[in-house]
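Order as written gives the chain letters A, B and C; numbering starts at 1 within each chain.
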């Protein structure tokens, strides 16, 4: 599938950009769809003016398209490939041999398909490697680069390879639900309940990170491996670890792309959406508005776009640090009827008020499920009664009696759900609740599948009804 | 009991027949015609066109298996589906492809081409009747196909262009029952069920008509055991159909009621096939106490006999054609009849072999295994008799014969592979793998369709008064034969390698990865086979207008139909036929006495021989 | 040209046979030797039928080809053999296949009973399933009883859960309870030659004895919706000790409270 890997490098003062082209034998190309909000801008804001690029070109120059991904090195994505330096160049008329040395603390890959020069004269060129000796680091290049590299130049061997393999895997396993752009709008998506995640908000529900943090790689990996019970997100347990990692990186890439797009659009939406422009036309001229936009795009937008990238890089990097991780300050309180009773009392207490949504018995039928909610963005009431999530999908509170916990059934999973809340949903964070109390609640929740009131059943599993009939056997 | 001595006029009085009718308008004559021949030809042309539709769907399935998740030709670029995905189809679209391929091929091609096209055209002609017993019912049986085709057509788009009925042609509940279980099927699945029911109505009208016609309208002298095997097979098929079909229709309605429960008043909510406590697609748990296996029993109670409905008429036709092209009587005429009857009889008690892994009582499994094994016996007898028929014959190696010989050769493969699946322990491994796909394609394509190709060629002069081009037909035969074996023979091996059917991406599973090149080879074969069908289409339509003119009996065959003009006028026979002998007296001394190697069933014995004794 | 057609009908069965002959060496055959006790019996029956079928195939195709050859070489002046059949032949070719078919049928019965009839299951597995395998769209949810207890049909406190991977002891008969949460699925382990549908509303016991420790594919073999092909899982056969250790580990993991883990990594 990946017969040509053309990398180009653009140093736009934005940090380095690696381009990984993935061209397959497919006859026509897929593309990253832009968000509805981007499409709601006036054309000049979307595409840019003569003077400066708008949202779409800015986005494309940093992220590329599925066939030609770009690596914006501001972002903490493991792009793949090995960085190395040119040690010696020996060229004849017909071939050019380069010896590479790995960057300190790194090693050279065992196989190599191409090299991309990042600094020096030859910067920006990508050349295919025909022969590769991993031992000596010597490569025979397929063709002579236009500008010869010199020793000491920084280069990337198979730059972006991991991201590309992530893309290939994502398109095979994930895209038909989550969409090519990670917008949760693949062809299968319309049939699913709940709807597949739209990554473009940069928000993931089930994380082990605290309420203000992004999702960690480990969290995404966990979801991939074990699926989300009670939804159509299946378990991909049997995929190889490196495949799973590649998918995680690609998903993070898509999430960052989407989030970045949202942020960029927010800079422009209030003044330059079709709607606000048509409002403004009442007392302004269109050419003035475009002129104003033009100046904004030229003078302020590039710097803003840059700093938004920096911010994004920071928060996504932080998510994988120990600081972001939720670590209970006390170990789990041993499960006991007393603890469960305490948990139930907290559950019903007016400070936590779990029952308001989850219902008095935890059946997910609290009074809030019958109320009409207001859409926080548009300010209008939702059509269906009940709680909605950030993606405007109806997202009713969990029925805790079923024993199905989407984010996992381990005590720590439930602890995290309570501590950090469920991001993007109406489940709030209870991080100020003492950890011991959270554990009591966890104990209570885990018991709900088996007893409605703590202590209602004795520990006598033999009494459990054998409800389902056995198959005809003999 | 009557003995008649017909006095045969030598002059033609078919015109008296025709004069009794009004001049017909075009619509009456060719569209809403009650003439069995027109209806037969309508069926034939409709099914040939549907064959192309089904074939296109098959190629789409093959494409995905050979080049998984790569941009699918036409689908992506021309039809503009899956644009955001770069033309890569979705898995639910794949389920629609194989479901609709099977549905179109079975319900709109194989069943109507045999019973509808050939049954209609041949029954009155071969038994010497001027038309069917119920001409209007006959017309309706054709025109009920169109609502069925319409319903199937709607089911392609009812749930959006990228989805459709995706539960397989077997449509097993709970998947096909709860809307949430296969949400992409949605309304399309309900339309599909309506289509299925309408096909059933059409078949039922045909069956009733065929039985009545064959029992009541035979020409003088046409005793049951002077009927060509084609008629026997049509007769037995009609009986099978009439008794099995109501069960499917009932089951279909049950499923429709289950599916439409949400739309219907609460008093007729039904959960025939849904047990309690099923949670799909995050919906509330189901209530009710239905039984999903009930559907399987009801469905296969029809659909197993239906397999014979899809085969027996072809067996009968091939027997006729082999005898004619070998210039020999059919070897073992009565064993042929009895074995067809045995297939039909046993066909009613083998349905459970589709359910060996379903968790039904193992004692039932043993019973079904034994009956299934025994149904191989009449099939074997037929094969031996076909070979006996060819044996030491004066074989005419034309396209008709070659297609018939291919029928026998490929039916042997399909029959033998069936034995593996009749044996329960072995079937446990082969169930729902490509082995079964290979098996039924050898029977339905290898046998039935080759029989149909031969039949089209053979009776074409009777239908249109012109011959089809034999050279083109031979090229079509060779390409189809090679393509067919290249596509389906390797499926046996895929099945042994454990490749499950209905997988959009089998290569996800490590132990199947190495089968990709073989699947690519199969897809190329399938493409050859698919495009070869344009030769058939071209030959067919070209020959209708430009083919070489044919006389009454171009093949030198014996059946009554060959004594009628080509094409026969309204009312079929210019001389009311009287049957004096069986249909297969090729190369008989009687024929030789006339200086030819055939003798029409209507040819009166020479004076002095007792003319005819008909015992009813 | 006539001879060409006769040869054509002789030629293709030879190609078919050749393809079958080289198939095992090309990997177009069983994914591996059967690796369960019942698998050996199933394969034995398969090869028995294969031999009978091959002989029949060769015999009938050769006869058909010969009949064609005879027809092709027959002079046009020679007349066809006028015969309506032979009673004797009919009897022979009715009775011989009948015996063969009944024979095949009878050979299957014992194995079938061993596989499916509950009362013939090995005593050691009777009523003692090691795990519940619950199929759902589109994965396998596994439930083990809390170590030291018996598996109940309804979930019990302390039950252990996992997905797409089921651990069973090797070299001893093992039974699992097969269920489905939604539509019909089928439990298919190709190397073990095990296949059983999971039918909504039923709990179906399935037993097998895996001969050697190792990993075995598990997939779905009954159309269950758009993600049918995604139901990729594995059976891991291990010594009883290994399984017990695994379950202990699983129990620890399942009771993870995030504290011990953090302490360990802090050290």
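Definition applied: a residue touches a chain if its C-beta (ideal position, glycine included) is under 8 Å from a C-beta of that chain, and two chains touch if they have at least 3 such contacts.
Being a predicted model, the structure only gives us computed values, none of them experimental.
J.: Indicate, using Cα centroids, the chain positioned nearest the centre of all protein chains shown.
T.: Nearest to the common C-alpha centre lies chain C.
J.: If we define chain centres by averaging CA atoms, which chain lands farthest from chain B? Would you check?
T.: A
J.: In angstrom, rounded to a whole number, how far apart do the mean CA points of chain B and chain C lie?
T.: It comes to 31 Å between the two C-alpha centres.
J.: What whole-number Å value describes the gap between the mean CA coordinates of chain A and chain B?
T.: Roughly 53 Å, centre to centre.
J.: Per the centroid of Cα atoms for each chain, what is the distance between chain A and chain C, given in Å?
T.: 40
J.: Could you check chain C for residues that touch two or more other chains and list them?
T.: 116-117, 137, 199, 201-202, 204, 226-227, 230, 232
J.: Residues touching two or more other chains, restricted to chain A: which are they?
T.: 188, 191, 232, 468, 471, 473-474
J.: Mind pulling the chain B residues that touch 2 or more other chains?
T.: 90-92, 184, 277, 281, 359, 362, 505 - these are the residues of chain B that touch more than one other chain.
J.: Where on chain A is chain B touching in the complex?
T.: For this pair, the touching residues of chain A are 24-31, 33, 66, 171-172, 175-176, 179-181, 185-188, 190-194, 230-232, 468, 471-474.
J.: In the complex, go through chain C and note every residue touching chain B.
T.: 1-2, 5, 9, 12-13, 15-16, 19-20, 23, 27-31, 38, 41-42, 45-46, 49-50, 52-53, 56-57, 60-61, 63-64, 67-68, 70-72, 74, 76, 78-86, 89-90, 93-94, 97-98, 101-102, 104-105, 108-109, 111-113, 115-117, 137, 181-184, 186, 188, 190-191, 193-197, 199-202, 204, 217, 219-230, 232
J.: Okay, in this complex, where on chain C does chain A touch?
T.: 116-120, 137-139, 141, 149, 152-157, 161, 163-165, 179, 199, 201-205, 226-227, 230-234, 253-262
J.: Could you please specify the touching residues of chain B with respect to chain C in the complex?
T.: For this pair, the touching residues of chain B are 90-92, 94-95, 166-168, 172-175, 178, 181-182, 184, 274-281, 291-293, 326-333, 335, 357-359, 362-363, 365-366, 369-370, 373-374, 376-377, 380-381, 383-385, 387-388, 390-395, 397, 402, 405, 408-409, 412-413, 416-417, 419-420, 423-426, 428-429, 431-433, 481, 485, 489-490, 492-494, 496-498, 500, 502-506, 508-511, 514-515, 518, 584, 586-589, 592, 597.
J.: Along chain A, where are the residues that touch chain C in the complex?
T.: Going by the criterion above, the answer is residues 173, 188, 191, 208, 226-227, 229, 232, 234-235, 237-238, 325-328, 330-332, 403, 409-412, 415-416, 439, 447, 449-450, 459, 461, 464-471, 473-474.
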